[in-house]
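Here come two complexes built around chain A, the first alongside chain B, the second alongside chain C.
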Partner chain A sequence: MDLAIGGIGCIAPGLVGWAEARPILGGDLSYASTPLPRLVPKDLAPNERRRLGQITRLALSAGQDALAQAVTDASSLATVFTSASGDGEIIHSVCRELARPTPALSPTKFHHSVHNAPAGYWAIARQDHAPSTSVSAHDASFAAGLLEATTQVKSGHAVLLVAYDRADPFPLSLACPIIGSFACALLLYHPATVTAAEAMITLAIGPAEPETRLDIPELEILRRNNPAARALPWLAALARGGKTRTVLPYLDDRTLIIQTRSG
Partner chain B sequence: MLMQPLAITAWTLTSALGAGRAATLASLQARRGGLRPCDLPHSPRDCWIGRVPGLETLGLPEAYAAFDCRNNRLAELTLSRDDFPAACARAAARYGAAAIGVFLGTSTSGIAQTERAYRERQTAASSLPPWYDYRHTHDLYSLTRYVRARLGLAGPALSVSTACSSSAKVFATAARHIEAGLCRAAVVGGVDSLCLMTLYGFRSLQLVSPKPCRPADPKRDGISLGEAGGFALLEPCGGNIGLALLGCGESSDAYHMSAPHPGGGGAARAMRQALLDAALAPGEIDWVHLHGTATPANDLAEDRALESVFGPGMAASSTKGWTGHTLGAAGIVSFAMAALALEEGFLPGTLNTRRPDPTFSSEILLENRPVVPRRVMLNALGFGGNNASLVLGHAGRID
Partner chain C sequence: MTESERKLAELLVTTLELEDIRPEDIDPQAPLFREGLGLDSIDALEIALAVSQHYGVQLKADDTANREAFASLAALAQFISTHRTTAA
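== the complex of A and B ==
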């Protein structure tokens, strides 16, 4: 399956925005892990923005970063949001409340508990009525989300993929050992309808073979322990440019092979 | 966008109406609803629920013990009816197990395990108990992983979790994966089970009725929650002339996280897209299975949407009064009701509703109606303003 990449977003500690991430992942600048600043997604009413949890801020900020980089029209976009972890802060808070003798749930926390809360806020912020789906597939969540997004790309219909995962609070953190914060976003176009693109890619599901790794030790640890960050070796390939072949983990022992050609 | 019709070569449903198709059909024909006063431990008592009996004592096969939770037990019970695994085995023999995708919807997966684990903690500094296994139970992919393993399938897979539209959207995901050549056939469906988060959560939003829910009734006052599991096997039509998926439509409200757009604009957009996908005119749909949750705002918005797509007088029913609102399983419950309508030749009525809201433009069916529909539409509308509509009919039919 062939696709054009029309924009890239990335949010992680020390990689706040594709403009900052690109030279680091491309090997031109060294990586320094600095805490994430408070992320403030755009285009939401103040009362909506105030209520957003950290993971929703992370997801929306990555998507908005990709659109800021967009090299082609992105006025209406179908979206695919993929995350293995979902919003652990909300789950923790809700389950702690439900353990009390007479639980009193906050209505806001309850409607934020749905896996598609970031997608819902995205549509509201952009006033975009295009279809949206929210998916999950354990450690294969990024690859599964990318495949789902790819099947939606049709001539004239762009798709935004947003992948995000974040460590859960204690005690969920011990049961669901995801570390750190990572989100990325890719704007995907049909190759025939795009005049300018960051890169062209070809995707295929492949048999077992070693995954592509990162040569930045801190980010390699993030990659192994945060399902959304499994995308990092491919983002590094996009940052470096040229012709590359990236192997990402998919389900069971299978892989997602991405051939990338850029600039 | 025109989709190639996909044959639905097997399906099954388990809900408060019973386990399997025959039990579901018998309950519908006997006008025997599945709602009862809420009797789930630790839950609020001032509501009614559609509970599936027997889950408390049902065991998973020993090799799958790590997956044990109410949601996967409901998946197991659902798989045990209508020879669904045998149909999947036949498909695997024909296409290869790696060519059959598994796309399932769930809203809350096995969260009841996490609720229990938090109840067992002594203090806020305590860890969760040693028996607790997040990855095999609460995790959203747990359901899909379990069902895929139990059916011996190895194709592309994911869980869709878009609240109450989840198990309708999986049909669209499967159709796209088949069209893209990522798989040749697919198991779709969904399972959602009762849990405290939704029982207390919908209560906090003041959306739960103290009585059995009454969709489209002028005195409707909220939902009754339920639980259900259902699966369908989608294959290329070939020479098949049976039940088929003809079109899918999806949209976003872009309006509010937990309230529908009052004019039903998002729902109407999904319905129009499904008609376009199926290359059908509104007049070619004989009946709509409503999302019909029985909250004042949802039912009104959906009726407005029907009027804008079909004009006044469209025949429509909600079956939430029979099963309760099964959230992430609502799409597959609606699918099953629509499939029964097409295969058995009757339109199920809207249970518990005394009279249709006189301000509604649709013709709300209260009694079961013995009609053989040509094509039907079903809606699944979720939190976050996430909408899906499907069109079902018979492949190869000319009329």
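== the complex of A and C ==
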């Protein structure tokens, strides 16, 4: 299956926005990890914006970064949101409250506890009723999200894929160990529907083989320990340009192979 | 602003994570909802929960006195003060 990439977004410590991330992942600038600034997604009313948890801010900011970088028409987009663990902070808070003798659950936290809360806020910000799917597949969440987005593109939609993961509080951190914060977003199109593109890709599911790694040590640690950051070697390939082959982890005995042509 | 209003204002700012608003910025007489602080129905539920947890005062959904209690910071502080006294 061939896809056109119309825009790329990235939010991580030291990689705040694709404009900052591109020269670092492409090898032209060195990486320095700096704490994430407070992320303030655009286009939401103050009442909605102030209720956003950190992970929703992360996801929406990555999606909006991809739109800001778009070389294609992004007026109507189906969305696929993918995250291994979702909003662990909210789940932790809800579980703590439910464990009290007389639980009093915050209605805001309750309605943020669903896995597709970022997708909902995205639709509110965009005032968009386009189809949306929220995916979770543990360590394979990025590959599973990309495959879901691909099937949506195949059925005629331009798609925004957003992958995001953030460290969970203890004890949820034992179930799905994640470090740091990472989100990326890709605008995906059927090649026949666009006249310009950042890159063209071909996807295939292959047998087990070593996955592509990063040569930036701090980001390689993030890649190994944050499921959304499994996308980093492919983002590095997009940043470098040219023809590349990236192997991403998928199932135990399967990988996702991305052939990328750009520049 | 009275001391009880200031404490209640702090609770509102923290509970509702109000952006760029300090407790002392809230006009005790201004409407809390819509044109005043711009709060909405979800905020009303959060306030009822916080008031119940901090003051032991229940704001019931079917109580017509709620409309008056939610009118302003001063009205809410008065409602809490009255019902705490009654409970005690």
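Observations on the model:
We take it that the second predicted complex is superposed on the first by the 257 of 263 C-alpha atoms of A that agree within 3 Å, B and C clash if a C-alpha of one lies under 4 Å from a C-alpha of the other, contacts with A are read in each partner's own complex, and residues count from 1 in each chain.
Keep this in mind: a residue touches a chain if its C-beta (ideal position, glycine included) is under 8 Å from a C-beta of that chain, and two chains touch if they have at least 3 such contacts.
On a predicted model such as this, the values are computed, not experimentally measured, just so you know.
By the document's definition of touching, neither partner reaches A:37: not chain B, not chain C.
In the superposed model, A:23 lies in contact with neither chain B nor chain C. After overlaying the two complexes on the shared chain, residue contacts for A:169 are found with neither chain B nor chain C.
When the two structures are aligned on the shared chain, A:154 is found in touch with chain B, with no touch to chain C.
Of the two partner chains placed by the overlay, only chain C lies in contact with A:49; chain B stays clear of it. Between chain B and chain C, B touches the greater number of residues of chain A. Residues 104-107, 111 of chain A contact both chain B in one complex and chain C in the other. Listed in rising order, the residues of chain C touching chain A in the complex are 16-19, 38-40, 42-43, 45-46, 49, 52-53. Of all residues in chain B, those touching chain A in their complex are 1, 42, 107, 111, 114-115, 117-119, 121, 124, 126-128, 132-135, 138-141, 144-145, 154, 156-163, 169, 172-173, 176-177, 179-180, 182, 196-197, 200-205, 250-258, 265-266, 269, 273, 382-386. The touching residues of chain A, when paired with chain C in their complex, are 46-47, 49-51, 104-108, 111. Put simply, chain A touches chain B in their complex at residues 1, 84, 86, 91, 94-96, 98-99, 103-107, 110-117, 119-121, 123-124, 126-138, 141, 144-145, 147-148, 150-152, 154, 171-172, 174-176, 205, 251-252.
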